[in-house]
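Report on one structure; see the data block that follows.
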Amino acid sequence: MQHLWLIPLLPLAGFLINGLIGKRLPNFPVSVIAVASVALSFGWVLKTLSALGPLETAHVEHYYTWFQSGTLNVGVDLAVDRLTAVMLLVVTGVGLLIHIYAIGYMAHEGGYYRFFSYMNLFMFFMLTLVLGANFLLMFVGWEGVGLCSYLLIGFYTLKKSAGDAAKKAFIVNRIGDFGFSLAMFLVVVNFGSLDFQKVFDAVRPMPVEQSAGLLTAIALLFFVGATGKSAQVPLYVWLPDAMEGPTPVSALIHAATMVTAGVYMTARASVIFERSPMAMDVVAVVGVVTAAMAATIGITQFDIKKVFAYSTVSQLGYMFIACGAGAFSAGIYHLVTHAFFKALLFLGAGSVIHALGGEQDLRHMGGLMKKIPITFGVLACAWLAISGVPGFSGFYSKDEILMAAHHSSPWIYWVGVVTAGMTAFYVSRAMFLCFFGSYRGHHHPHESPFVMWGPLGVLAVLSVIGGWCFNVPHYLAPMFPLAEGAHDETLVYISVAFGLGGIALAFLMYVVSPGIPDVIANALGPIYRLVYHKYLVDELYGAVIVSPLVNGSRALLWRFMDAGLIDGIVNGTATMSRTVGGVLRLFQSGSIRSYAAWVTVGCVVLLMVLGVMAGGVQ
Amino acid sequence: MDAILFLLFAAIAVACGINLVVQTHPISSALSLIGVMASLAVLYLLLGAEFMAAAQMIVYAGAIMVLFVFTIMLLNAGAEQRKGKSIIAKVLGVPALIAFLGLVSFLIQSLLPRSEEVKFGAFTGGTAQAIGKKLFTEYLLPFEVTSVLILVAILGAVVLARKEI
Amino acid sequence: MPTSVPLNWYLILSAILFGLGIAGFVFRRNIITVFMSIELMLNAVNLSFISFSYQLRHVDGHIFSFFVMVVAAAEAAVGLAIILTVFKNRATLAIDDVSSMKN
Amino acid sequence: MEFIIISLVKAAVVAAVLLTLAAYLVWIERKVLAHIQLRVGPYRVGPNGLLQPLADLIKLVTKEGVMPAQVNKFYYLLAPFLAVALALVSISVIPFGTQIEVFGIKTYMGLADVNIGLLVILAVSAVSVYAIALGGWASNNKYALLGGLRSAAQMISYELPMSLAIASPLLMANTLSLREVAESQAGFYFGFLPKWYIFQMPMPQVIAFAVFLIAGFAETNRVPFDLPEAENELVAGFHTEYSSTCFAAFFTAEYVNMVTISALATHLFLGGWNPIFPEPVAGLIPVLIFLAAAAALFFHGLNNVSTRPWDKYTFPVVGVVALGVAGIFALAFLPLPEPLSAIANALHPLFWFGVKVGAILFLFIWVRGTLPRFRFDQLMKFAWTFLFPVAIVQLLATALMVALVK
Amino acid sequence: MNLLNLVLALPLAGFLVTLVLPKNNANVIRLFALILSLAVFVLSLGLAAPFHETGNGNWFVTDVPWIQSPEIRYHVGLDGLSLWLVLLSTLLTPVSILVSWKYIDRRVKEFYAFLLLLEFGLIGVFVAWDLFLFYVFWEVSLVPMYFLIGVWGHERRIYAAVKFFLYTMAGSVLMLAAIIFLYNKAGTFDYVNLVDLLQRGRLVLTSQEQLLLFLAFFVAFAIKVPLFPLHTWLPDAHVEAPTAGSIMLAAVMLKMGCYGLVRFCLPMFPQAAHRCQSWIVILAIIGIIYGALVAMVQPNMKKLVAYSSVSHLGFVVLGVFSFTQNGLDGAVYQMLNHGISTGALFMLVGYLYERTHSLEIKDYGGVSTPAPLLATVFLITMLASIGLPTLNNFVGEYLVLQGSAAVNFNWTIAAAVGVILSACYMLWLYQRVFVGETNKSLSHHHPFLDMNGRELAAALPLVVLMVWMGVYTKTFLPMVSAANQRIIEQSKTGVETLVETQGGKRIAELRELVHGR
């Protein structure tokens, strides 16, 4: 009994303390509580992992039955196996570093206690998601994390754009959750329970489905949830807007932990995915399309956080390519390394913005290498890691994915490699625009304090040694058997070549002759503008889905249907009875002679009827 | 003998009826109504309804018509002015009335073809004793109800006709 | 001349009187005359009652007509009282003027 | 056919007797009133004024009938005619005596022997209201109208107690035909008390008799209730505008009604034509009365006062007539051939009936002489609040007693 | 005099006593009403005791003859199904009294009297086991609500009150006809005997009869639920009702309809229910989506929440008519959750109205800066109502959808869309009212104050319950599922025969349903 419940409960305690009494405490104790809770949780994770030793099988702990209805019994039980261990380490580790960084970054922002309580709440939900031993607990974490991203994106309550972005993020996540919950219903209907062990034991004996069967449906619905959460092609629109939130939020939620939940879920449900090749192809294709598209948009963006946001979307695309190709461990491996260097990139960008007093536009930066050298040094590591320069962590995990992709379907490999080149290009573009050349802004940049560049340093080290130090696929071998196949060297060389080519091209265009990008932009003209405006996807969704829904329901449903039709019928019967009354009123004309006449006519008619009837009787 | 009597008094009755409708001055129509009632009393006698004939004369002619004559005299209303007698009523009304009567008589004739001859004295059931016996046994309830009705009518008449209320 | 008359003729007579009553009731303008034509109609009905009771040889018809008479008496009493009050207030007996019940 | 001839003969006889009686009634009334008021009354025309009615008749007939201008001619003339006709119709139903057998034809001493006689009388009295009302209204005179309406109202109000009073003896007689009512009162209690309804055992009808009489006075507009002709207020009531014949008609109608009412009273209460005294005496009384009358007349005629010289002759003539009548009544005792004795026997009931009617008529006249006139509201209040309830209670009492006895 | 009769009698006594209290001293009346309702609530907690030991069965049953000639009995009892509904009404009455402390200043005495009478009616409805008694309480609860809306409402209150009254009355008259018909056929009004007779086949209703009876009951309850086409009275009634009225109407009165469906429609007319299942569920789904869509575009806050409850109660009907254990449990649990969350929502909207006297959303904006506490409580309530896990609605919604998935997966897909839409309109509302710059018009009456102690005291129990019911359902769900178990057993009888009579695909589906999950 390892008291796994402590891991998520500690951040929850932090949230409750800060939430309830944080308002009255000065900043320092609030930050201490927040960081302490995450640190303790990180410590407890290390303790449990060391206690559990080699996790050949999952260690499950049951606390109480959440609800029990008929045959369905959902218990609050947490489980740890190798996959969870990796995720736990990433979440609590990177989380801790980001919390420390946030102390510095949020020092002079309003609502300090509110920020940290939300961050702790986020940690609680993320840990529940990871530790959950059944789909429902995972779903609890899933939605909880969505809620926290809503709260944190909308942290700057006074900014309307922040509010809108938060609302958008939550609703898009909700659409993803819609898919996830439908998958859960199918699982319960067909397998009778939600516990991973029971479900996967039931699925394993089932044959691989050739055509679209039950498992494919479940897998696809789970994947819809994943796209919602991990911002894949149809539902990625919320991530770029999520940059409205403070940078530590972007780093923690929209780089390291929350967005990776989709990949974790796919890996967790790999048993189902493997038995439905159709679903695997869909995952792969979506991954590759997302990666390519995001990369192209990333190239044209000028806001530094938007660039890194699109890079996250693209990297997530890579992870899904790995899952689609069947190499779940490669996906997780890239997830881990990506967590390190992407968190570093964001936090670095954060300190750059911090240094420039909130300036985020690359065009107003430049030449910061000399002014904030530490940030530049740290960012350089991340830059090299993400571009896939051999030796850095990015190279190892990306190549694993490209190998697996090549193994399953070569065209994905080639698109992946090109995207890798593009990734290298836009990251280096950002670096060159930011740190090289002359300073175009009008702030006087100052270096960020130790509390900020400390964690950056740690992350820099991790993103450098992360590649070969944490050999995740090897660690996850028992869960996901490694694909043997020839480790074809040439593919590695090609990808490295593309990477370095990307960097060189960027160097050529932005450092050697800054005029070239504008020339190319004008040359490409409409295409450039299309890509710059993010393929107008937001506007497309707005026009196709949101506005018809809103106006349609206002005009059609509410005005016509509710007020018009139903109320119309109700009030109509009322007025109709009044009009009939009006007509009958005319009979009371007051003149006795007309009454007499009508009486007579009545008698005559009656007589006729009697006559006829009597006649009939005769 | 009965036929002669019937035809005579039927003729009187119809004549008085028409007179009632045609006359302008109400007093003359009142008296023609009394004439109708008297002739009907005789017809009742023919049909063997002695008590009813007497009652007709006493109650109807003697009491009700007196009320009418009183009212007409008291109100001293002149003859009806002949203003705007709608032609339609005249043109449409009279033939319609005749058609109606023709229809009804045809109906009666066809519905009751085998009706029997009416001979004076054939049915002497209508004596006061017979009516009295039936009235106070089988029809006691209607009798009581009509007595209440008349009481109410009296009160009504008194209240309505009083000057100061 | 046949010595006696079939019952139908009595009924036809009553129908004729009833028709005359209706004519009076519908066409006349003076309230009292209208009232009287109603009495005529009632008499016609009495005649048919008694002729039917002759045909059926029992005395119920008489009792019915007796009750009709009683009711007619009550009606006449109240009706005439009303006519008196109407005359007192409106000083006219023409039926068309008395139409305040018009809505 | 034979029935028609007989009824015509009877009608003629009754009409003649009745009209003369009505005329002489006027005479008797004026004589009695005079004597009540200590004056002599008409004695110029004929012996002691006996021909006075004839004189009146001639006067009325020959007078010029004045017809006022805007009078409603048809109804003006209809009214008196109606009054007389109705009065005579009611007499036709009243029987005078028992069945007589003359010239082989058995017939009743009354114009029409109808088994619902009383109903006819009631019906006629109900309708006779119109005569007066129409009379008053047609003469286009305010007083006449008022008089007519008042008398009509009075007659209607008193019609009710009268019919109730009639109903109670009928309860005991259990028949509507007057002849049977009269016959049912024959016989004597304990030898001397005649079985008249006012004495008959289950419930002597004294109260009913009183009510009937009072109502009778009102029906004929006689003294206490003669408001319509009240000279001082309404000039002459409904017949103010009437002159000669029409006035005469109203006048005769009134007196004929008086006779009818008194005849009805005798039949219903005083035993019709049944003799007052038990059998042996009954036959003698008429003879004795007429003999006494003859004696009185001879005495007056002979030792008369000088003022009226020709009385000496007229009185004895009348006395001889009285003697003749006494002789006729005496015939019953002599053994005579069939037709004559039948007539003689028939006369006796007639005599007794005449005596009783005369007594009541005398009562009418006597009351006229003594009682003051009712005010109209007193009159109406008396009818509705006193007479009517009494009549009802009386009727209920009789019904109770009759039910108990049976 | 067992506990249930006491709990039932106290509000009535309160009603009578408040009428007698002196008119002018408002505070005395308010205090008395509050103390009385709190006492009732505490007593009603006692009702739950036996359930915790045994978990199911009927408790506190009193069966006393009331009227002789048509044999009507005062037959009152409590089972898992009605336990929590009674507790809901006893909890919400003190809350609404607290809420309308300052809000009601005209005719204070009658207001609190009607509120207590309403509570009496509501508890009666949930515990009545005699059909006639049930109908009597149904009408008793109707009258005070009519007055609450009619007297203390806003501008168009008369129209709304009359519409509310006529709608419900029309339905309940149908029900009365059905009850009387049943009485003639079975000779008793008693619910227990009736169901027993029906189950053992001693009382046989032809399928046509059963369908008509079912429809009569169903329409009466559908109007109250409110189900899609019959819902137009709800927005009007809510907009015009005072805050307390809205809370009681939304939280408890709507449940009378759902309770009726579960208690009467299912066990008494199983075949008819199964035959009508498809079109009723379609109506429910339309209700969910239609309600959500129309709520999205409402300019008025209360109307928005009203349409949201139309949508949420669509879930309940879907759950009830899925005839599965999960569905039914989810439906009943959702009834309770909806009561708590919508009650809280209306309370908070009421607080906003108290501060600005306007219900139009455009008059608000950025309320969270002047009133952060109000904003957070509203946030929690809003999240609860859109079904965030760890808060109360999620469990109910999940079970309902799970239940419907077992029957027909298309239904689940359509209904789940409702979950997304509910997030949309709620968040949009929250964003327009609470987030962004503060609207100047907010404080032009008087400064926009945050929640004071009284208001928080009213809101806190509900928030605690939301979390408690969301996280630890064991205190509430076992009794409910036990009661539902019996109802499902009852609603299964006779369905086999129905299966044979109805040909085609339907048979397979039904048989599978009956013998399957």
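As written, the chain order gives the labels A, B, C, D and E, with residue 1 at the start of each chain.
By our rule, a residue touches a chain if its C-beta (ideal position, glycine included) is under 8 Å from a C-beta of that chain, and two chains touch if they have at least 3 such contacts.
Note that the structure is a prediction, hence the values are computed from the model and not measured.
Shared contact partners of chain B and chain E, listed by label: A.
The minimum number of touch steps separating chain C from chain E is 2. Common neighbours of chain D and chain E, by the contact definition above: there are none.
Highest inter-chain contact count (C-beta pairs) belongs to B-C. Taking the mean of each chain's C-alpha atoms, the chain whose centre lies closest to the overall C-alpha mean is E.
Placing every chain at the mean of its C-alpha atoms, the farthest one from chain A is found to be D. Inter-chain spacing, taken between the CA centroids of chain B and chain C, is 6 Å. Work out the mean CA point of chain C and of chain D, and you get 38 Å between them. Our note on geometry: chain A versus chain B, Cα centroid distance of 102 Å, whole angstroms. Those residues of chain B in touch with two or more other chains are numbered 51, 63, 70, 74, 100, 104. Multi-chain contact residues, meaning those touching two or more other chains, do not occur anywhere in chain E.
Interface note: chains touch in the pairs A-B, A-C, A-E, B-C, B-D.
Residues of chain C touching chain B in their complex: 1-13, 15-24, 26-30, 32-33, 35-37, 39-40, 43, 46-47, 50-51, 53-55, 57-60, 62-63, 65-67, 69-78, 80-85, 87, 93-94.
Residues 27, 31, 34, 41, 50-51, 54, 57-58, 61-63, 65-66, 69-70, 73-74, 127-128 of chain B are the ones that touch chain D when the two sit in their complex. The touching residues of chain C, counted against chain A in their complex, run 22, 25-26, 34, 95-96, 98-103. Residues 72, 75, 116, 119-120, 122-123, 126-127, 129-130, 133-134, 137, 145, 148-149, 152, 156, 159, 176 of chain D are the ones that touch chain B when the two sit in their complex.
Residue ranges of chain B in contact with chain C, taken from their complex: 1-4, 6-7, 10, 13-14, 17-18, 20-21, 26, 29-30, 33, 36-37, 40, 43-44, 47-49, 51-52, 55-56, 59-60, 63-64, 67-68, 70-72, 74-75, 77, 80-81, 89, 93-94, 97, 100-101, 104-105, 108-109, 112, 115-120, 122-123, 125-126, 130-131, 134-135, 139, 142, 146, 149-150, 152-154, 156-158, 160-161.
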